[in-house]
Amino acid sequence: MPHLLLRGVPAEKLQAVSGPLAEELAVVCGCGADNFTMSCMQADNVYGYEGDASFAFIEVGWFERGQEARGQFAETVTNCVRRLGVREVEIVFHAYREDSYYINGKPAG
Amino acid sequence: MPHLLLRGVPAEKLQAVSGPLAEELAVVCGCGADNFTMSCMQADNVYGYEGDASFAFIEVGWFERGQEARGQFAETVTNCVRRLGVREVEIVFHAYREDSYYINGKPAG
Amino acid sequence: MPHLLLRGVPAEKLQAVSGPLAEELAVVCGCGADNFTMSCMQADNVYGYEGDASFAFIEVGWFERGQEARGQFAETVTNCVRRLGVREVEIVFHAYREDSYYINGKPAG
(Lines give C-alpha, C1' and ligand atoms only; values in the text may rest on other atoms or scores of the structure.)
Protein backbone atom coordinates (compact mmCIF):
# COMPACT_ATOMS: atom_id res chain seq x y z
CA MET A 1 0.00 0.00 0.00
CA PRO A 2 -0.70 2.54 -1.42
CA HIS A 3 -2.33 0.60 -4.26
CA LEU A 4 -2.84 2.22 -7.66
CA LEU A 5 -5.46 0.77 -10.01
CA LEU A 6 -5.30 2.28 -13.47
CA ARG A 7 -7.67 2.22 -16.39
CA GLY A 8 -6.82 3.77 -19.72
CA VAL A 9 -3.05 3.65 -19.12
CA PRO A 10 -1.12 1.21 -21.34
CA ALA A 11 0.67 -1.28 -19.07
CA GLU A 12 3.84 -1.47 -21.12
CA LYS A 13 4.25 2.31 -21.03
CA LEU A 14 3.64 2.49 -17.28
CA GLN A 15 6.02 -0.41 -16.70
CA ALA A 16 8.89 1.62 -18.15
CA VAL A 17 8.42 4.46 -15.65
CA SER A 18 6.95 2.62 -12.66
CA GLY A 19 10.20 2.42 -10.70
CA PRO A 20 10.93 6.17 -10.79
CA LEU A 21 7.24 6.91 -10.12
CA ALA A 22 7.29 4.69 -7.02
CA GLU A 23 10.45 6.48 -5.83
CA GLU A 24 8.77 9.88 -6.24
CA LEU A 25 5.61 8.74 -4.47
CA ALA A 26 7.67 7.23 -1.66
CA VAL A 27 9.10 10.69 -0.95
CA VAL A 28 5.57 12.17 -0.89
CA CYS A 29 4.34 9.47 1.48
CA GLY A 30 7.46 9.10 3.61
CA CYS A 31 7.55 5.36 3.07
CA GLY A 32 9.57 2.86 1.08
CA ALA A 33 9.06 2.49 -2.67
CA ASP A 34 8.49 -1.23 -2.13
CA ASN A 35 5.16 -0.49 -0.41
CA PHE A 36 3.45 0.46 -3.66
CA THR A 37 1.55 -1.69 -6.09
CA MET A 38 0.40 -0.62 -9.55
CA SER A 39 -2.06 -2.62 -11.64
CA CYS A 40 -3.47 -1.74 -15.04
CA MET A 41 -6.98 -3.18 -15.09
CA GLN A 42 -8.10 -5.05 -18.17
CA ALA A 43 -11.48 -3.75 -19.20
CA ASP A 44 -13.54 -3.08 -22.28
CA ASN A 45 -14.02 0.66 -22.18
CA VAL A 46 -17.46 0.82 -23.74
CA TYR A 47 -18.26 4.48 -23.32
CA GLY A 48 -16.43 7.70 -22.59
CA TYR A 49 -12.92 6.63 -23.52
CA GLU A 50 -12.57 7.99 -27.04
CA GLY A 51 -9.48 6.85 -28.84
CA ASP A 52 -6.27 5.49 -27.41
CA ALA A 53 -4.84 7.04 -24.32
CA SER A 54 -7.19 10.01 -24.26
CA PHE A 55 -8.54 9.47 -20.75
CA ALA A 56 -7.20 7.70 -17.68
CA PHE A 57 -9.09 6.94 -14.50
CA ILE A 58 -6.94 6.01 -11.53
CA GLU A 59 -8.03 4.76 -8.12
CA VAL A 60 -5.67 5.05 -5.17
CA GLY A 61 -6.32 2.94 -2.08
CA TRP A 62 -4.38 4.01 1.02
CA PHE A 63 -4.61 5.14 4.60
CA GLU A 64 -5.49 8.82 4.69
CA ARG A 65 -2.39 11.04 4.73
CA GLY A 66 -4.08 14.44 4.60
CA GLN A 67 -4.73 17.06 1.98
CA GLU A 68 -1.15 18.16 1.32
CA ALA A 69 0.19 14.65 0.68
CA ARG A 70 -2.93 13.83 -1.33
CA GLY A 71 -2.44 16.86 -3.56
CA GLN A 72 1.25 16.11 -4.13
CA PHE A 73 0.45 12.47 -4.81
CA ALA A 74 -2.22 13.42 -7.36
CA GLU A 75 0.09 15.90 -9.05
CA THR A 76 2.94 13.40 -9.25
CA VAL A 77 0.76 10.68 -10.75
CA THR A 78 -0.96 13.11 -13.14
CA ASN A 79 2.33 14.47 -14.46
CA CYS A 80 3.72 10.97 -14.94
CA VAL A 81 0.66 9.69 -16.80
CA ARG A 82 0.49 12.78 -19.01
CA ARG A 83 4.11 12.25 -20.03
CA LEU A 84 2.93 8.84 -21.29
CA GLY A 85 0.64 10.66 -23.73
CA VAL A 86 -2.69 10.61 -21.86
CA ARG A 87 -4.56 13.91 -22.13
CA GLU A 88 -7.14 13.73 -19.35
CA VAL A 89 -6.42 12.20 -15.93
CA GLU A 90 -8.91 11.72 -13.10
CA ILE A 91 -7.85 10.27 -9.77
CA VAL A 92 -9.98 9.22 -6.83
CA PHE A 93 -8.52 8.40 -3.42
CA HIS A 94 -10.11 5.73 -1.26
CA ALA A 95 -9.17 6.08 2.40
CA TYR A 96 -9.09 2.64 3.98
CA ARG A 97 -10.00 2.12 7.61
CA GLU A 98 -7.09 0.52 9.46
CA ASP A 99 -9.43 -1.80 11.36
CA SER A 100 -10.76 -3.07 8.02
CA TYR A 101 -7.38 -3.78 6.46
CA TYR A 102 -5.75 -7.14 7.13
CA ILE A 103 -2.14 -8.07 6.39
CA ASN A 104 -1.63 -11.82 6.47
CA GLY A 105 -4.72 -12.22 8.60
CA LYS A 106 -3.90 -9.50 11.16
CA PRO A 107 -5.69 -6.13 11.25
CA ALA A 108 -3.50 -3.12 10.43
CA GLY A 109 -5.00 -1.03 13.23
CA MET B 1 -18.10 10.93 -13.92
CA PRO B 2 -20.34 9.12 -13.02
CA HIS B 3 -18.27 6.03 -13.72
CA LEU B 4 -19.94 2.65 -14.24
CA LEU B 5 -17.88 -0.51 -13.74
CA LEU B 6 -19.70 -3.61 -14.85
CA ARG B 7 -19.08 -7.30 -14.28
CA GLY B 8 -21.20 -9.97 -15.89
CA VAL B 9 -22.41 -7.71 -18.71
CA PRO B 10 -21.10 -8.58 -22.21
CA ALA B 11 -19.23 -5.55 -23.57
CA GLU B 12 -20.46 -5.89 -27.12
CA LYS B 13 -24.09 -5.96 -25.97
CA LEU B 14 -23.63 -2.93 -23.75
CA GLN B 15 -21.77 -1.08 -26.50
CA ALA B 16 -24.85 -1.22 -28.69
CA VAL B 17 -27.04 0.55 -26.11
CA SER B 18 -24.47 2.68 -24.28
CA GLY B 19 -25.29 5.91 -26.07
CA PRO B 20 -29.03 5.87 -25.28
CA LEU B 21 -28.26 4.70 -21.73
CA ALA B 22 -25.90 7.66 -21.21
CA GLU B 23 -28.60 9.99 -22.53
CA GLU B 24 -31.17 8.59 -20.08
CA LEU B 25 -28.74 8.82 -17.16
CA ALA B 26 -27.81 12.38 -18.13
CA VAL B 27 -31.45 13.35 -17.64
CA VAL B 28 -31.51 11.68 -14.21
CA CYS B 29 -28.30 13.44 -13.17
CA GLY B 30 -28.90 16.77 -14.85
CA CYS B 31 -25.53 16.66 -16.58
CA GLY B 32 -24.19 16.01 -20.06
CA ALA B 33 -24.05 12.50 -21.51
CA ASP B 34 -20.35 13.01 -22.18
CA ASN B 35 -19.63 12.97 -18.45
CA PHE B 36 -20.21 9.22 -18.17
CA THR B 37 -17.78 6.37 -18.56
CA MET B 38 -18.73 2.69 -18.78
CA SER B 39 -16.20 -0.12 -18.50
CA CYS B 40 -16.85 -3.86 -18.57
CA MET B 41 -14.23 -5.38 -16.29
CA GLN B 42 -12.41 -8.47 -17.49
CA ALA B 43 -12.47 -11.04 -14.74
CA ASP B 44 -12.64 -14.75 -14.21
CA ASN B 45 -15.89 -15.19 -12.36
CA VAL B 46 -14.92 -18.16 -10.23
CA TYR B 47 -17.97 -18.47 -8.02
CA GLY B 48 -21.56 -17.25 -7.95
CA TYR B 49 -21.93 -16.37 -11.62
CA GLU B 50 -23.70 -19.43 -12.98
CA GLY B 51 -24.00 -19.53 -16.74
CA ASP B 52 -23.80 -16.69 -19.19
CA ALA B 53 -25.41 -13.39 -18.35
CA SER B 54 -27.29 -14.66 -15.31
CA PHE B 55 -25.91 -12.14 -12.84
CA ALA B 56 -24.45 -8.66 -13.20
CA PHE B 57 -22.70 -6.65 -10.51
CA ILE B 58 -22.32 -2.97 -11.25
CA GLU B 59 -20.39 -0.35 -9.31
CA VAL B 60 -21.23 3.32 -9.77
CA GLY B 61 -18.71 5.94 -8.62
CA TRP B 62 -20.07 9.48 -8.39
CA PHE B 63 -20.65 12.46 -6.14
CA GLU B 64 -23.72 11.82 -4.01
CA ARG B 65 -26.91 13.12 -5.66
CA GLY B 66 -29.45 11.95 -3.07
CA GLN B 67 -31.91 9.13 -2.74
CA GLU B 68 -34.30 10.08 -5.53
CA ALA B 69 -31.62 10.43 -8.22
CA ARG B 70 -29.93 7.27 -6.92
CA GLY B 71 -33.15 5.27 -7.19
CA GLN B 72 -33.89 6.53 -10.70
CA PHE B 73 -30.31 5.85 -11.75
CA ALA B 74 -30.46 2.29 -10.38
CA GLU B 75 -33.80 1.64 -12.07
CA THR B 76 -32.57 2.98 -15.42
CA VAL B 77 -29.40 0.87 -15.37
CA THR B 78 -31.27 -2.23 -14.13
CA ASN B 79 -33.89 -2.00 -16.87
CA CYS B 80 -31.22 -1.51 -19.53
CA VAL B 81 -29.10 -4.45 -18.40
CA ARG B 82 -32.12 -6.74 -18.08
CA ARG B 83 -33.09 -5.95 -21.66
CA LEU B 84 -29.64 -7.33 -22.57
CA GLY B 85 -30.73 -10.68 -21.14
CA VAL B 86 -29.26 -10.55 -17.63
CA ARG B 87 -31.63 -11.91 -14.99
CA GLU B 88 -30.20 -10.60 -11.71
CA VAL B 89 -28.71 -7.14 -11.33
CA GLU B 90 -27.03 -5.73 -8.22
CA ILE B 91 -25.73 -2.17 -8.11
CA VAL B 92 -23.64 -0.45 -5.46
CA PHE B 93 -23.07 3.29 -5.39
CA HIS B 94 -19.79 4.72 -4.13
CA ALA B 95 -20.07 8.35 -3.11
CA TYR B 96 -16.75 10.07 -3.77
CA ARG B 97 -15.54 12.92 -1.58
CA GLU B 98 -14.94 16.01 -3.70
CA ASP B 99 -11.72 16.81 -1.85
CA SER B 100 -10.43 13.35 -2.74
CA TYR B 101 -11.19 13.57 -6.44
CA TYR B 102 -8.62 15.18 -8.75
CA ILE B 103 -9.17 16.26 -12.33
CA ASN B 104 -5.89 16.87 -14.15
CA GLY B 105 -4.16 17.38 -10.83
CA LYS B 106 -6.70 19.79 -9.32
CA PRO B 107 -9.13 18.77 -6.54
CA ALA B 108 -12.81 18.80 -7.55
CA GLY B 109 -13.87 20.42 -4.29
CA MET C 1 -22.99 -10.59 -1.47
CA PRO C 2 -20.38 -10.67 0.09
CA HIS C 3 -18.38 -10.08 -3.08
CA LEU C 4 -14.71 -11.05 -3.24
CA LEU C 5 -12.50 -9.39 -5.86
CA LEU C 6 -9.08 -10.97 -6.07
CA ARG C 7 -5.85 -9.85 -7.68
CA GLY C 8 -2.76 -12.04 -7.73
CA VAL C 9 -4.71 -15.28 -7.16
CA PRO C 10 -4.74 -17.70 -10.12
CA ALA C 11 -8.38 -18.30 -11.10
CA GLU C 12 -7.97 -21.99 -11.86
CA LYS C 13 -6.45 -22.63 -8.43
CA LEU C 14 -9.19 -20.67 -6.64
CA GLN C 15 -11.87 -22.41 -8.68
CA ALA C 16 -10.85 -25.76 -7.24
CA VAL C 17 -11.38 -24.62 -3.65
CA SER C 18 -14.10 -21.99 -4.09
CA GLY C 19 -16.99 -24.23 -3.03
CA PRO C 20 -15.47 -25.23 0.33
CA LEU C 21 -14.30 -21.63 0.89
CA ALA C 22 -17.84 -20.33 0.33
CA GLU C 23 -19.14 -22.93 2.80
CA GLU C 24 -16.64 -21.83 5.45
CA LEU C 25 -17.44 -18.14 4.89
CA ALA C 26 -21.16 -18.86 5.04
CA VAL C 27 -20.68 -20.18 8.58
CA VAL C 28 -18.74 -17.03 9.55
CA CYS C 29 -21.44 -14.78 8.09
CA GLY C 30 -24.49 -16.82 9.07
CA CYS C 31 -25.79 -16.82 5.50
CA GLY C 32 -26.08 -19.22 2.60
CA ALA C 33 -23.03 -20.16 0.52
CA ASP C 34 -24.94 -19.12 -2.57
CA ASN C 35 -24.77 -15.48 -1.50
CA PHE C 36 -21.08 -15.18 -2.32
CA THR C 37 -19.39 -14.18 -5.52
CA MET C 38 -15.66 -14.51 -6.26
CA SER C 39 -13.98 -12.87 -9.24
CA CYS C 40 -10.30 -12.92 -10.15
CA MET C 41 -9.62 -9.60 -11.81
CA GLN C 42 -7.58 -9.56 -14.98
CA ALA C 43 -4.89 -6.94 -14.66
CA ASP C 44 -1.33 -6.25 -15.69
CA ASN C 45 0.47 -6.07 -12.38
CA VAL C 46 3.07 -3.51 -13.32
CA TYR C 47 4.72 -2.91 -9.97
CA GLY C 48 4.94 -4.57 -6.58
CA TYR C 49 3.86 -8.07 -7.58
CA GLU C 50 7.21 -9.81 -7.93
CA GLY C 51 7.02 -13.26 -9.40
CA ASP C 52 4.07 -15.59 -9.63
CA ALA C 53 1.71 -15.85 -6.72
CA SER C 54 3.88 -13.91 -4.31
CA PHE C 55 1.31 -11.31 -3.35
CA ALA C 56 -2.49 -11.24 -3.38
CA PHE C 57 -4.70 -8.23 -2.82
CA ILE C 58 -8.31 -9.01 -2.07
CA GLU C 59 -11.25 -6.62 -1.76
CA VAL C 60 -14.37 -7.71 0.10
CA GLY C 61 -17.59 -5.77 -0.46
CA TRP C 62 -20.31 -6.48 2.10
CA PHE C 63 -22.61 -5.00 4.67
CA GLU C 64 -20.67 -4.45 7.90
CA ARG C 65 -20.85 -7.46 10.21
CA GLY C 66 -18.56 -6.24 13.00
CA GLN C 67 -15.00 -6.85 14.06
CA GLU C 68 -15.30 -10.48 15.11
CA ALA C 69 -16.88 -11.66 11.86
CA ARG C 70 -14.47 -9.50 9.89
CA GLY C 71 -11.47 -11.04 11.62
CA GLN C 72 -12.73 -14.58 11.10
CA PHE C 73 -13.54 -13.82 7.48
CA ALA C 74 -10.05 -12.39 6.87
CA GLU C 75 -8.40 -15.36 8.56
CA THR C 76 -10.45 -17.88 6.57
CA VAL C 77 -9.66 -16.21 3.23
CA THR C 78 -5.98 -15.71 4.13
CA ASN C 79 -5.52 -19.35 5.10
CA CYS C 80 -7.24 -20.53 1.93
CA VAL C 81 -5.19 -18.32 -0.37
CA ARG C 82 -1.92 -19.22 1.34
CA ARG C 83 -2.68 -22.91 0.80
CA LEU C 84 -2.78 -22.04 -2.92
CA GLY C 85 0.87 -20.98 -2.67
CA VAL C 86 0.56 -17.21 -2.21
CA ARG C 87 2.99 -15.85 0.39
CA GLU C 88 1.61 -12.40 1.21
CA VAL C 89 -2.12 -11.66 1.49
CA GLU C 90 -3.69 -8.25 2.07
CA ILE C 91 -7.45 -7.85 2.41
CA VAL C 92 -9.52 -4.70 2.58
CA PHE C 93 -13.20 -4.68 3.55
CA HIS C 94 -15.57 -2.18 1.98
CA ALA C 95 -18.72 -1.70 4.06
CA TYR C 96 -21.60 -0.92 1.73
CA ARG C 97 -24.45 1.33 2.84
CA GLU C 98 -27.76 -0.51 2.54
CA ASP C 99 -29.47 2.55 1.07
CA SER C 100 -26.85 2.63 -1.68
CA TYR C 101 -27.17 -1.02 -2.66
CA TYR C 102 -29.85 -2.01 -5.16
CA ILE C 103 -31.05 -5.53 -5.94
CA ASN C 104 -33.00 -5.68 -9.18
CA GLY C 105 -33.74 -1.99 -8.89
CA LYS C 106 -34.89 -2.02 -5.25
CA PRO C 107 -32.76 -0.60 -2.41
CA ALA C 108 -31.53 -3.18 0.12
CA GLY C 109 -32.28 -0.93 3.06
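A, B and C are the chain letters, set down in written order, and residue numbers restart from 1 in every chain.
Here, contacts are C-beta pairs under 8 Å (C-beta built on N, C-alpha and C of every residue); 3 or more make two chains touch, one makes a residue touch a chain.
Keep in mind that what you see is a predicted model, and the values were worked out from it rather than measured.
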item: Size of the rotation, in steps of 5 degrees, that lays the CA trace of chain A over chain C; value: 120
item: Type of chain A:chain B copy interface by residue overlap (half), same or different; value: different
item: CA centroid of chain A to CA centroid of chain B, Å; value: 22
item: Where chain C touches two or more other chains at once, by residue number; value: 41-42
item: Chain C residues touching chain B - in the complex, by the definition given at the top; value: 1, 3, 5, 11, 14-15, 18-19, 21-22, 34-42, 61, 96, 99-105, 107
item: Complex interface listing, chain B residues touching chain C; value: 7, 41-49, 55, 57, 67, 70-71, 74-75, 78-79, 88-95
